[in-house]
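Okay, so here's the structure we're looking at.
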Amino acid sequence: MRFDETYSGKVFIGSHPNYDESKAVLYGMPMDWTVSYRPGSRFGPNKIREVSIGLEEYSPYLDRELEDVRFFDAGDIPLPFGNPEKSLLEIETYVHTLLKDDKIPMGMGGEHLVSLPVMKAVASKYDDLAILHFDAHTDLRENYEGEEYSHSTPIRKIADHIGPANVYSFGIRSGMKEEFEWAKEQGMHISKFEVLEPLKEVLPTLEGRNIYVTIDMDVLDPAHAPGTGTVDAGGITSRELLASIHAIAASGVNVVGFDLVELAPVYDHSDQTANTASKLMREMILGWVK
Amino acid sequence: MRFDETYSGKVFIGSHPNYDESKAVLYGMPMDWTVSYRPGSRFGPNKIREVSIGLEEYSPYLDRELEDVRFFDAGDIPLPFGNPEKSLLEIETYVHTLLKDDKIPMGMGGEHLVSLPVMKAVASKYDDLAILHFDAHTDLRENYEGEEYSHSTPIRKIADHIGPANVYSFGIRSGMKEEFEWAKEQGMHISKFEVLEPLKEVLPTLEGRNIYVTIDMDVLDPAHAPGTGTVDAGGITSRELLASIHAIAASGVNVVGFDLVELAPVYDHSDQTANTASKLMREMILGWVK
Amino acid sequence: MRFDETYSGKVFIGSHPNYDESKAVLYGMPMDWTVSYRPGSRFGPNKIREVSIGLEEYSPYLDRELEDVRFFDAGDIPLPFGNPEKSLLEIETYVHTLLKDDKIPMGMGGEHLVSLPVMKAVASKYDDLAILHFDAHTDLRENYEGEEYSHSTPIRKIADHIGPANVYSFGIRSGMKEEFEWAKEQGMHISKFEVLEPLKEVLPTLEGRNIYVTIDMDVLDPAHAPGTGTVDAGGITSRELLASIHAIAASGVNVVGFDLVELAPVYDHSDQTANTASKLMREMILGWVK
Amino acid sequence: MRFDETYSGKVFIGSHPNYDESKAVLYGMPMDWTVSYRPGSRFGPNKIREVSIGLEEYSPYLDRELEDVRFFDAGDIPLPFGNPEKSLLEIETYVHTLLKDDKIPMGMGGEHLVSLPVMKAVASKYDDLAILHFDAHTDLRENYEGEEYSHSTPIRKIADHIGPANVYSFGIRSGMKEEFEWAKEQGMHISKFEVLEPLKEVLPTLEGRNIYVTIDMDVLDPAHAPGTGTVDAGGITSRELLASIHAIAASGVNVVGFDLVELAPVYDHSDQTANTASKLMREMILGWVK
Amino acid sequence: MRFDETYSGKVFIGSHPNYDESKAVLYGMPMDWTVSYRPGSRFGPNKIREVSIGLEEYSPYLDRELEDVRFFDAGDIPLPFGNPEKSLLEIETYVHTLLKDDKIPMGMGGEHLVSLPVMKAVASKYDDLAILHFDAHTDLRENYEGEEYSHSTPIRKIADHIGPANVYSFGIRSGMKEEFEWAKEQGMHISKFEVLEPLKEVLPTLEGRNIYVTIDMDVLDPAHAPGTGTVDAGGITSRELLASIHAIAASGVNVVGFDLVELAPVYDHSDQTANTASKLMREMILGWVK
Amino acid sequence: MRFDETYSGKVFIGSHPNYDESKAVLYGMPMDWTVSYRPGSRFGPNKIREVSIGLEEYSPYLDRELEDVRFFDAGDIPLPFGNPEKSLLEIETYVHTLLKDDKIPMGMGGEHLVSLPVMKAVASKYDDLAILHFDAHTDLRENYEGEEYSHSTPIRKIADHIGPANVYSFGIRSGMKEEFEWAKEQGMHISKFEVLEPLKEVLPTLEGRNIYVTIDMDVLDPAHAPGTGTVDAGGITSRELLASIHAIAASGVNVVGFDLVELAPVYDHSDQTANTASKLMREMILGWVK
């Protein structure tokens, strides 16, 4: 008796109504309580769903349609406002369940810190996990003004967890001197400023590996993604980010989970960034869930 | 396996998950194709749901909670873009179903023309129906530049249908000279500029009658409802409109259906008008569904 | 061969195409170069025209239609950017022409300083002129940080010119201590905070007098006129301002010219203030041009 | 007695006051009633005029000034709200008149469907007509949810009319699988993603042909044209679109008419997209009207 | 060598450069990490300072100038992002210092929770303290989804601390049923919906008492304060809030501290709410610091 | 007793508190009174400071931190509203003082005309001065509608002053035919459309020369800098402008002063352009102050 939700903007376009029959699960992580500059990404996941109805279900890049992939949209994980520790725990617990059910986790942030518990859960399943990280920022702080859990620390924490050599960052153009130095000393891969070219060099070396991909919307130039907490000039175009997604799809890596974070709708005039995030998500689903 | 939708903004807060057990049904009519000035109200219904999570479920005005009323949120009726006739037919058909199932129809617009098929359906069930109409505009044109179905004509059409003497308009401050004259000649009730005082005079005369209430958001002053297609200075406050809703609730009339129309989110900075629409809807549900 | 401009938004709705046959002339004074806080009112006049197409041509307040009044919309006076002296001179010269042709000048600002040359021109024609001034601000500074011609000085300059006792300010809620004291000493009328009540007391004393009315949009509360350079809380509603216009229309004064100034579209979300300014102008034309 | 309109923003900058002496005619088609996603392009044409005053009249790209081209700005064709069929008929009739008078039609939308009657009228004059179509979307649907006339169908309708082999689409990055397949089967030219390079390949093959060019603003990346109904990431820069206009100007084709559609000002913060549309129009006039 | 800051917007207009010579101290509490709906009030204090330069230093309501009151603007207390406990402790410690130095604390929020440590510090100095609380919301939750420190709990916590009978809430129009019941049972004063009239009744009963006043901007109607996290229709005008401030000033109570919270600039188009907050602060300083 | 200002947004991040110990001085020139199109750049300098707290103090491009450069932020020069002549004189006088004290002047506009007095002052100190000018516009008018001092004239005036052959403009894509012709005749260097490539050709020819650099934000494409008075499509990316700054840093020229002008925050949604301006300024300071 409820009208069909498929094109209502309440679920991601083309999602499947049944969890059990789905290969991948989309979920939101609506948390932004540790951001140091501009909050608002808690509203990101629902906005991505809302504008997804403006998309076609077919990708002319990949010649594939959403109905070719069974994925379930679970909605947003309920998270306790203002409590980062408990929030991270809720996320980690949820992703463990997905992994136990052999679903590919597809997350939507929220601030970047939400990726940490996901990556930890995924790492506990895949021994050989490597991380591909797209971002304007290093996110390699050990803590932020004394707070260990902050939107500036997730990549450092996961690098400490799975070994810095298994983490590959692309498009980085902002960070403290100490962060860049730490990465260098630890053998972590950082591509400053550039994305597609270094990615194409890295992918062949990861052939056959299990990979988690985390994309911070701010890897895009502010012209392409004004609707995020911390914009930083000199980034890449949405065209280059789409090409990067397609390069991963065409490579021999095995994507076992991914997320798209830091869309903050309140800074996004007329949903420009949201529409882009929504298209990126469609391409990731069509390109990476095989 | 889907997270609970109650506080997700995908359904109106406090709505009941089951149609059959519900006394009233909330539905959207996302149509704006006949507006002559600024379109955008097609996105109104979903926005009202989205911001409803900022509301408490309790009304200190009425001392009643949403869990005291069983209502179902059916989502938006799918309507064919750019085809007014077919759209109106779809709406009328749907409301007939609701009425057959003894549900109270609670509609969300969309442009004001969407109220016409609802009122026609309701009138076919209740012989003694009277209409209470809150609006800045007469909406009494016979046609608009030759088009019979236009956002400027719904009140005229329903007045022709059930008899002008059964239609009561409040807060009217804009219209053509001919419209005001027609109303006068036909014995239709129009309260120019004022709302609460004339309503309090009218209500006792309607005691025991079946009533449909249609509220155009633009009856509010632009200060209180900037997010609508045709703002018109000199309107009432949200406080007076709330008091009007409460006056109807406290009167002896029998509300058999109602709607709230013309919220146009794209003109509504930071959801000011949407939040107000959402609170008005809560008060209407709590006050009128008994 | 050009499509009819009447409903194009390029001229004020209902304006007459012929200057000679018109009794009154509407013109814009697109200047904002002396404002101390937020500029942008140079775009006010064209915006008022643009949104006027959302208005009905009939006023239910006055039971009169725009076709009952012949007025010509002359467009905006071209003014030299950044040169206040020359700009004021251009305005004064133009208004002298209008007065010579026995047209009622109806101006649209622009910053409030543009009213000064108009009032001076009008005063040169009418010996007994009184000024009705609606504003949040005194505008009684002798100079502003040394600059004699500033948006803070027009009322002082005209009071010095025609005598302070002939100037009546309403709604004033901001100014320097010295300005209020000067007004008191000089016998100038200032109604602090209030508008309609003191206006109703003043009007009978002006019966038969020639009157120029200057309305600064910021006399309205920021809720009713956010789109102006200097908003100031605690103002009146658009409803009270409409009633004030109607009170003047119903009184025995003879309005020989008027203006509406300080609409600054860039601060005006979705044209809320512009739509109000446009309706105010319609009521002034219908109520005052007899 | 009216101030000169040349720099008023009421007509396109540099336009000629006389129809008969003009070689080309600029006109608006303010219709958006069939759009499926976000309406608002009805206000596009007037906004392009309004911001054109921020342009210089000289193009350093083409070393030509607007005074070197005589074109008349006719204003907007009055169209019946909510009635697509009648609207298309009005447009077609008007363009037939222009063609009979040997004027080059230069249209401003409005949704893309407005181009269909123009192209049909032009095709009736020029037997060898080819269409150059710049867009993010195929616009090749046979109907949209049953509606034959929709913003998603104009290119299909004209391809059916003049033969698919005479239609060349550039920059396409969105559509249904069926649309791409239909185009392929029918021998219609579609350049996926790319614009300038394939255009440079196509132009020599069209040497001497009569050409109509239709540009949908959304061929630009959302970073360059946020102010349109359906933004789609991965588009081209305004620089590449300018270069494409100049490539056509430098080629041997004969442009017999053109349009620019889908500017929707309400989604356009601070007129960014409008200013770009206005500059594009200047370059098209200077480059193509010889 | 630095240009004078007085009119720079970096300090509140009219503030005194010297702490020791000042009677009162203005400070910001830029925290918003526990809000459940829309964050952003961390940027409130600096915005209030920034727009204060649009104010006159003289109040025509109180006939007093800012130079008549010596107050120091200390800037914003640095607070650890995402850590409510530590943040509250920092605030409490700072206010203890102010009180020890016999300064009147004048706070700017931030979310309403920041008032809790201030009120606790003030209560430790004044045994007979009463709280005047202006808000749309009860803020009387014992916890919010398990979190004890939340923007929904400060009034409950302080009522528990100093006794519910010493707390007076005005303008309340939103809350849970349980909160209203708790207040009733505990003998706490709640004025539902109304502000000025009940305040005038309460003030004489508090004559001679030491009073802390906390104003949540959302006590204002959304028309008057759109720029706040949780807008709620049916509130009061800025005019009534100004009159309430003046009523307190004219009464026999002794204001020993106060704050203004919940301005969230990102939701505030063109600084409308910020300008109002800034004027309210000027009136509080001029009216209450004697 | 005032909280540390370093991260308050009241001074540029990383600035030094002491003038005497500083090598360079940052100052604002908040003037926009001669602009012909859209005013608002008077608020540019404070906005650049405000958002600078979102920056890291380290540049991964230059491997240098702000603490390695001692620069003082002097605030904004107080300028008389609406009086261009006096304003320019104030600026020139101030910069003479800086130069006498051997400080490198680093200015923030304001409209581009503010650069003229700075360049004149710098030219009086350095005989061999060359100007590098980045802009969409020629700014070579002799006057603008009769006004000699206009935002369209600064480059012409300085070229007349130091000789056209010493002025190098990059990225120019708008101007009158006469301006381009004048530049050509006079031997002034103008790079139409392009920036980085011609700059790399010019820099070696300037080796050892004293250079003043003036950057108009509108040299960036509107996608990268929507927040400016006169946007013009077809510009460069922020990435290319950053690379240009780095190319100058790596060359053998001696930068003796520079400015960044025409940021107009009111047209800048969510501070996109401001954040870019702030990063550009950091790179200029780190790259050019040696």
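Per-chain residue numbering starts at 1, and chain names A, B, C, D, E and F are given in the order in which the chains are listed.
Just so we're on the same page, contacts are C-beta pairs under 8 Å (C-beta built on N, C-alpha and C of every residue); 3 or more make two chains touch, one makes a residue touch a chain.
Every value quoted in this text rests on a predicted model; they were computed, and no experiment measured them.
> What is the set of chains touching both chain E and chain F?
A chain counts here if it touches both chain E and chain F, which gives A, C.
> In how few steps can one go from chain A to chain F if every step must land on a touching chain?
Each step joins two touching chains, and the minimum needed here is 1.
> Starting from the Cα centroid of chain E, hunt down the chain whose centroid lies farthest away.
D
> If I list every residue number at the interface of chain A and chain E, are over half of them used by both copies, so same, or under half, so different?
Here the answer is same, because the shared fraction of interface numbers exceeds one half.
> Indicate the whole-number Å distance between the mean C-alpha point of chain C and the mean C-alpha point of chain D.
One centre to the other, that is 41 Å.
> At what distance in angstrom does the C-alpha mean of chain C lie from that of chain A?
So the centre of chain A lies 55 Å away from the centre of chain C.
> At what distance in angstrom does the C-alpha mean of chain E lie from that of chain B?
Result: the chain centres lie 38 Å from each other.
> What parts of chain F, by residue number, touch at least two of the other chains?
38, 221, 223, 266-267, 269
> Connecting every touching chain pair, does the picture come out as line, ring, star, complete or other?
Shape = other; not a path, cycle, star or full graph.
> Run through the chains and report each pair that touches.
After working through each pair, the chains in contact turn out to be A-B, A-D, A-E, A-F, B-C, B-D, B-E, C-D, C-E, C-F, D-F, E-F.
> Show me the residue ranges of chain C that touch chain B in the complex, using the header's touch definition.
53-58, 60-61, 63, 65, 221, 223-224, 237-239, 242, 269-272, 275-276, 279-280
> In their complex, what parts of chain B are in touch with chain A?
1-5, 7-10, 19-20, 27, 46, 50, 72-78
> Which stretch or stretches of chain D touch chain A in the complex?
37-38, 172-177, 180, 192-193, 221-223, 226-227, 230-235, 267-269
> Once bound in the complex, which stretches of chain A touch chain E?
The contact residues of chain A facing chain E are 32-36, 38-40, 42, 80-84, 144-147, 149-150, 266-267.
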